[in-house]
Structure formats: structure tokens, C-alpha cells
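Following: one structure in C-alpha cells, then a few remarks.
First chain written, first letter: the chains are A, B, C and D, and each begins at residue 1.
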């Protein structure tokens, strides 16, 4: 199979003519789709007659991490666990924008039937194991998926993503030791956006270089630029190869930045205008776009097309979500247990 | 005050004549007392008509760690937290053998009134904060005592002891980060006896050098010989000085060995006769005894006196415990809450 | 009397007690520089400084244990949980270290510590963020559990909790933080372990606490107007120790009772209350004790399902009519 | 039929199911090389090898989460807790990840996993090691909770639990592991969610489970011989879902009921059962439901106090005589 995956475009989205750089453009396109999805989500959440509720954490600014992982993610084999900032990876792994937006709207057509909401996007058939709201609680689950890969000898790996703040949950360390002790194919990935809610890394971690939070478990650790898609792809590729080869887990700190507040209620008081502007210069989409231009793989017309495409997709998604029905009262009692009781097997 | 403390002998115990090496002999004497206490506990536990119950974990073989810490422990200022293998440190910090043995017998005269048992020795007035049965759960408490020292500016430190198996509880890592972040005067001490119950270090920790389990928190880590009393004293001394100076926490792995099984029920099947014999050669008491002999600070007669003394003390302790009353039914309902309710203050 | 929000009442209680006793300090996620995830501790960092208002990493087991260790050494910590749902990751610290250390040491230690934060179902936070921990902690001897229903009670009870020498589980509600109520300028405290009759009535006793009190007050009004039923609304305020006496007295007066509980019904506080009082009021009851509680399902994200699973004025009225046979 | 110990019954169940399904594996502290802290898994490492019988570090949150992640990917883990008391350090994994992932994903995942180990008060292990977690987990929708009382039930129910596609909390008792009982050679399973009448009776229903069943059987015998009272002993076997029907039928027959519970009374299973059934049997009862449970105190180390705080044959007899007014 291909060293890195093609981004699957939803049917109806025309692929830009020239063949050279098609892959690269598709990746750029996916980052644009995620950005557009998140910014539209922001609008929908904040506009009167709010149709999205609960905690909602946007991925804008971190797109290169999810899209980079998706590029090496082997569907049908690999798994991915993430925290609650999960819209980006879900789209990158191929979730249609419609069920994604519908989940935010809490509709039956949502990826989790409207029962999970923003923090709980799941897509079992592609190995997207969520979407988890309790900080750090999903990290042991990631070692479990990796255990299953090893137990069944599938050659799969589990990408286990979490925020910089999650390294302070004990589950993180218990999982690291277990994964290394049992030589499980799991890649632990810190999406270090510099902040745990309003707390800067330097105020929540005694060790400022977060890749060092993986020391003490006899596993390789690494710090990478999470805003450069090419770097993310190549690092994830070699990490996945390392794990697939049976060497055990690996620990990667992907340094990035979130443009929006922690969640919708966050006034961003802790951030200076200068800091925000400086960050915009390292926008993963801009970085990659410029690179494609330099390589002559992208021109204004094509970019315009792509912008039109993602805009249309997100518009349709909102329409779809809006027109989808709410769950029925009876749904309240479904999906709790898989079996009927009394149970005899 | 003295660089290192004198071992306080219970009244009636005559101090050996020659003055030179008095301190050293007292420390040897304390290790002998602990050993004798533990071996007698073993007999009492296993003999018919058992008067000691529950989980009981003996300290034989690890005496140099507790006695070394006690040598630098500043009463009235410092605190100590330990797991459930707590007889040794309690005696070393000056607990009389009588309430110690009485606690094992579950009597009202016990250090915890017979409500805690072997795993829950406490002596508030000397800063002995227990005695804790849930692996790793007391490590955050240690950072709390250190926090209190810093908050009140007492210059105290908190010695926080735990077993090699406890490094695998997430509380361990959460405590390390908090202590370093808040620069708390806490010395984290692994009593590495090579085994968590029946599991060798190499089978429970991905990293075999346990001092490295303290990496990633911007604090100094160190591995020391926990069977050599002089080494333990000097290392604890410098660690305590480092903490008292406001430099934050320190992480020390004291390598030692337990002669007995994990608890009374442990048949020790996982241990070869050869291994056990080899370990005996590194008996901390023998090592120190020989050193004192070489230094001409100890002769057979004195040693015999000392053996007689500790034997007498332990005998009296057993008699005392045996003659002490069991708690009354009414005691069941005491010591639960400190206040009377309804409560208005 | 000035009207203030419940979050201000909590802030006043903490501020007054920190002014009063230098050993009291506040510890938790985002309590200091961010001024509190829900702005309960707004301004407290500025007033007391970083030694006494302390931001922590996301390490609930670590910082709740830190608070407990400090309490064993004579300090009086207030530990804020951003949500009580997150206390599940440090349950051992609360159910063992907080509840048992005094007992296991034969009474050698006091643990003067308050754990506080938002409890229960808020707005569309889904199953993991909507836990009602009332019964989990009220079940455990060695703990005190308080759940106020309005700003006045919240301030008076939190001040008492901070002065209390025992570990207190203080249950607030995120969606009550903006509720307003009268709070006197003069200092006051309220007793722990004493229920409060929020509305006198003769026909039926509505037992409730926290969020459910407002619901029951509304139901009582409608019951009177629409159905001529005069309901007594009994606010437990403290869930452990339970004020059995006030509960029993009220039922002996009304001969009918409905317990309204935001928790699941099985093994929740409502169940606990029945266990404690049923035998004692059995012969006084003109009907079996009625119950309103949340449906026996995880809390869903969808707004309508989330509402449907919870107690409502309608459900309370229906339950009351059933026990009144009308 | 051969008589075997309860620990052997558990081992047979696990061994048979691991023979039957290669996706079943055992994970926990000391389960492999040490052959189990209480020798439940003795010989299983030798039989199935280190890929399927796995020793873990002391990381309950880590390895219970590992089991859950593996279950999401189609494996069927058996996770052994050396004691259920230690599950307090991983409560979030059980109350959130085990109970909610299926619901929050709209039913996309099954979680076929069994968590098992010793529950309740053993011998002088003191407060932290004597927790009864029955109610903590039975309260939670999304979980199944089983607590067998003898080797036959233990084997049949554990086999069903391993085959069940839902997360099962399986509560054993350290001090029952050596209890002997008849277990047939032929394979069998028992239904989850079905209570069992261990002794037919006409005068009073004793509701119990796990350790308390033996206690109630002894009490029933003495009640008959000493007091001429014919007690029916109802073993719940499954605590969630609760077999209300069997409970109600029995009470409608005897008109009297005593619930015997090793847990504290407030918000325990006993309370939960009362909540579930009281209304339905109110008019059938000739006396209020009686209760025997542990005293409302932490579990003390001292042998005599530890016994005094627990239910006893004497206490059961006294409670029965009270509801029978003799």
C-alpha cells in the first residue's frame, strides 16, 4: 500500500486538474476543511438560537497534527484515541462533515446519534475510537487497542493523542509503563498547544520540555514541529514503522498552537494580541500553502476552487444537521447495554 | 543541633560504657531492635492461637533505610510518610516497642488504639504520619506535609517512602510533578527491595534503574546502597539540606532487600536458596556490625549486652500487648469524626 | 438585604474565612490566574496572593492528596474540583485517605479540609461530565456531605464547613451559580446537619436538596393553585449526617412524602433516606413514599433527552398526586 | 457431584471459557507467575502461556483501561483486582469508560469485559482494605453487577459473565474462596439477572447475596428450630439488573421481609432494593421491611470490633423476630 494515504474526498468534490502535487493539495484541502468546519462551528455555537451545546473545543491551528497522522494511518488495522478536541482527527480519518456537524447539533444522524456531542466523536469502522472527555482517561485505552493489535498480530498501531495538560494525570504514566513493559505498538502523541485551559505549560509542568515527560520508561521520546505537515507526516511514518516492527511504544511531543479559546466560554484573557499575531505566522495551513506555491504545485485559481469546495461541504453539513431529527424519547433507553436481560448464553 | 540525631534509648536500657562510638552503637542497636521486633512478630503471627491478624509486612533486611533517615530526621519539624511496611520506621522514629506490639495485637494500648493494625502505625507527636495500605496513595500526602512546611516556613522536610512497586501508581507521578512545580521540601524515597509482592522489578517496571522513574520532573534523582547505614545517613543528610535550602524535592532510590516474604502468607516460591544466601551477606546489620568492629568501636561483650537489651525490650512489649485490653464495643463509634453534629461554629 | 449570585456567596464565604484564619488556603485547577473556571474565586488571587490561592496541574489525585497531607499538618485547605465528575479519578483519596485516616490512627489526626465544586447535570455535558456524586460520598462514614440550594445557605454552610475539623464534601451546582438570593452584610454561619423547611405545608412532604429545592418550590406553588394540595418543602442541606428528626417530624405531620432526587433512583440518596426513615414512619404514612429521580440511563448530550431524563415540575406534581390519591 | 472450592469453580469457569474462545485472556496483579494472590488462577499461566495470562504492575487505572481498550477492539478481557478495595484508584475507568462509552458512541461499541476480585470485609484488613463496592457499581446504568454465594453459582455465573457482551462487575469474597460446594462435571451456565430461592419459606423473606447467603441459611435453620419461623432465603445473585419480580413474588407470599447486607445501610444495595420494591409491596407487608447491615463506621482492625460491626446470625434472628412481632 501507499507509503502515505490519499485524502479521500467526499463524492462530488472535483479533484483539481493537474496530477502533480495532487496528494499535497488534498492534504491542504483537508486542513482547510477542518478549519472551515471549526470556524463555522464557532459561528453556529455563538449565534442566537444556539443549536450546539455543551463543551465544544475547536481544533483551529492544530490541523497539521491530525492530517499528518491520517496520512500514515492504516485503516482496518490502526486505531486512534484522542481527548475531547476531536473534530479535526475525525474529519481527517474520513468522517463525513454531515454526521460530524449533526452530532454537534445533537441529532440522530450524528456520528454518535446525538448522545455524545462535541467531546465524543466516534467512528468504529475506521478505527476512530473517540473522542474522550475526562483528561488522560483514554490513554490507558490506547494501550489496550495496541494490546489488541499485538494479541491478534494485525500489524496495527494505536495513535494515542492527548493534550499537554494530560501529562499530569497519573493514567498517562501508568499507560506509558504498561506499553513499554508489554512492548505494545502505541504512539503517544502530546498535542502541545502550550496551554491547559488557561494554564501555560510552564505553570503546569515542572519540566518545560514535555517530550521529557516520557522519560523513565525505556522508550524513545521526541519533540517535533506540529505545525509543519511534512514534518508530522515523516515523523509519524517513522514512529509507526518503529512500532509495527515490534519495538514497543514511542513518545512524541508535537508542538502546536490553538487559535481559539480553550472552549467556547473562554475569553482568552491570558493571551496577548502580540502572541496571537505571532502565532498566525506559523499557521499550519499558511505554511503548507506557501510551500506548495513555492513548489509550483498550487495556484490562486486552484486554491479558490478548494476554498469553494470546503465552504460548500460545510454549508451542506450545517443544512443536513439542521434538517435532521432529534432523537426520540425512546432512544434515551437504547445503546446502554448490548445484551437483553435476563441473559443466558 | 547535632548533624545527626542520637538514637533515644528507652529508659532502663543501660548505655554501653566506652564513649567513643556511642552513637554508632546506638544505631546498630536500633537496627537490632527492629530486627528482633520483626522476627518476634513473625513468631507471634505464625504460632497457634494467633494474636496478630490481617496483613503484616516485615521490615527485616531493610533496617538501614529507616535508621538512616531517623538519623537526620528533625523531630518537631520534619514529617515521614510510608507505605504499610511501617514497623521499622516507627521504631526508628522513637515509637516504644510496647504500643507498636500492642497495635499488632489490636489492643487499646496500641499506637492506633487497635483500629489500624500492622499497616497503620501512626505517631503524630513525632511527625510519623503512617503507615498507609493503599499502594502509592500516600505519596501525594507527602507532598502535602511538605507544602505545610513551606507554607508555615518551618524549615521542615517530608520523607516520603514507598516501595518499588508503588512507582507504577499514577499518584506517584502526579505527586512528583506537583512537588517540583511548587518547589516543596519533600524527599521521595523508593525502598527498592527488588520485589513488588512476587513481581521482580524487571517484570513491573519498563525501566530497570528505578531512580530513572523520577526523570522528567526537573528534580535530582539518585540511586544509593540502602543496606549501608553510613551511606544512607550521608545521602539523606545532603538530600535534607538540599530540600531545606528551598531547592524543591529530590528523588532517591535506596536499593535493599527483604529477608522475609511479602506478607505472612507468602511462601517465597519465587526466590532461590542461593539468592537468599547471597543477600544475607549484605545484611545491613552485619555490614554495620563488622564496620564497627573494624573501627574497634564494638566488642563481643558489648554486642551481647545489646542483644540482651533488645531481646528484653521485645519480650516486655509482647507481655505488655498480651496483657492489654481489647477495645470496647463503644470504641467502634469513636474517632470517626472530630466534631459533634449538628455543628455550628 | 443585598441580592447576590450563589457564586458570589461562595466567594464571600471563602474570602471571609481566609481573612479570619491564615491557615485556610484555596487549591485547584484555574482557581488563581484564570479566576476560576466558573469565576467562583474571581479576585481571590489578587487579594491573597499565589501562596494562598494556588493553580494546580490537572492532577486531582495529586492535589486532593496534597490537601489532605497539609490538613494532617494543621492547615485548612479548600480544594476546588472544576467538576465533581472529575473526583472519580481521585476517589481513593476521598474514600480512604479523607474518610479513614482519623479512624485508622485511633483519632490522632483531624482532617479540616473542604472539597468543593459543581455537582450533577448541567447543560449538555454528556455522561462523563454529569455525575451526581451525592450518594457515593454520603454512603461513607468519616465524611460530611453538604449540598446547599441557595446563596444564603451556601455562604453560611461553606463558612461552617471551612471551620469544621472534619473532611467536608461540599456539592455546588454549576447551573445554580448565577442564581440570586438575599445575603445579609453581617457575618453569619449555618449549622451542619440541620435540614430546613423551605415551605410549610400540611398535605405532603417534599424532601429535596440542592437544585431540586427550586423545582419543588415551583411544584408546591402549582400544587396549591391547580390542585389545592399544600406541600411542605424540606431542604436537607446536609446529606451526611442526615437530619432524620426533621424529616420524620414533617412526615408525621403530613402523612405523605415524595423524595425528589437528581440522582439515579437505585442506591442514590433517595434510597438512602428511605432506608433510614421508612420503618420509623411506616405507621404514619397514608401512602407509600413517592419518588422522583433521574431516569436509569447515562446522561445524553441531546438537549431534549437530557431534560427528559431529569426530574421536572410535572413529574413532581404527578408523584404528589399519586401519593395523595388525587 | 464432585465438591470443589469456590476458587476452583472460578478457575474452572475461566479455564473453560479460555479454552472455548481465544479472545478471552486474564490480566492482573500476580495472576500469572505467582499463580494468583489467592490462588484463583493457579496453573493458568502454565496452561495458556504469558500471552493470555498476564502479570501487571500495580497500575489499576492503567490495566483496567488497557482491558477496556482491548474490549473495544474485540477482545474479551478478564481483569482481576487483587481486591475490589483497590478499584477506588481506577473508579473513573469503571464508572465512565466501562459504563458510558457504548452510550456516548451511540451504540458503536460493545465492551465484553469482566472485572473480578474479592469484595467486602475479610479478616482484620482494616478500613482501606475492607470496602464493599456493591452499591457503588450497582447504582450505575451501563454496568452489570454479579455477586455469587457458592461454588456452583460462581462457576455458572462467571461463565455467563465472560460470554456477556457488556461490562460485568463480578464480586467474589476472599473469605469464601475456600468454601466447598457441589459442581457438576458437565458444562453449564447460569442466567444473569435471575435471583434464586435458596430456601423455600412461608413466614418471612430474607433477601441476601454473596457472603450473607450462608449467614441467612444458618439463621433460617435456627429460626425454624428455636422460634418456629419458616424463612425463605432469596439469593439475589445479580445486583444489576435487579430481579424485582422474584423479590416481589416472595414478599407477596411471606408478607414480611428482612434485607441482610454486608454494606453500610445508608445508600447501600439494601437501600436500593427498598427504593425499587417498597411501593410495589407496601400493601402486602404485614410489617415494615427489616434491615441488617454493617454498622455505620469504618472497618476496624481489631478482630472483635470487626465482627461486632458486621451482620451476624443473632442480628438476623432479632430482625426477623421484630418483623414477625415475636
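List of remarks:
Just so it is clear, a contact is a pair of C-beta atoms (placed from the backbone, for glycine too) under 8 Å apart; a residue touches a chain by one contact, two chains touch by 3 or more.
Since this is a predicted model, take the numbers as computed values, not measurements.
With centres computed as the average of Cα coordinates, no chain lies farther from chain D than A. Across the two candidate interfaces, A-D and B-D, the one carrying more C-beta contacts is A-D.
A separation of 40 Å divides the Cα centre of chain A from that of chain D. In this assembly, the C-alpha centroid of chain A lies 37 Å from the C-alpha centroid of chain C. Rounded to whole angstrom units, the spacing between the C-alpha centres of chain A and chain B is 48. Within chain C, contacts with two or more other chains are made by residues 56-57, 59, 61-62, 88-89, 92, 96, 103-104, 126, 128, 141-142, 297-298, 300-301.
Multi-chain contact residues, meaning those touching two or more other chains, occur in chain B at positions 112, 114-116, 120, 132, 134, 137, 168-171, 174, 177, 181, 203-205, 336. Interface of chain C with chain B (complex): residues 25, 51, 54, 56-57, 59, 61-75, 92-93, 96-97, 101-112, 141-142, 144, 160, 163-166, 189-194, 241, 243. Against chain B, the residues of chain A that register as touching in their complex are 168-174, 176-177, 180-181, 203-208, 212-219. On the side of chain D, the complex with chain C involves touching residues 61, 88-89, 91-92, 95-96, 99-100, 103-104, 126-128, 131, 135-136, 138-142, 240, 242, 264-272, 274-276, 278-279, 282, 288-291, 296-298, 300-301. Residues of chain A touching chain C in their complex: 53-55, 106-107, 112, 114-117, 119-120, 132-137, 165-166, 168-171, 196-199, 203-205, 269-270, 326-327, 329, 331-333, 336. Those residues of chain B whose C-beta lies close enough to touch chain C in the complex are 79, 81, 110-116, 120, 122-124, 129-132, 134, 137-149, 151-152, 158, 170-171, 174-175, 177-178, 181-182, 334-339, 341-345.
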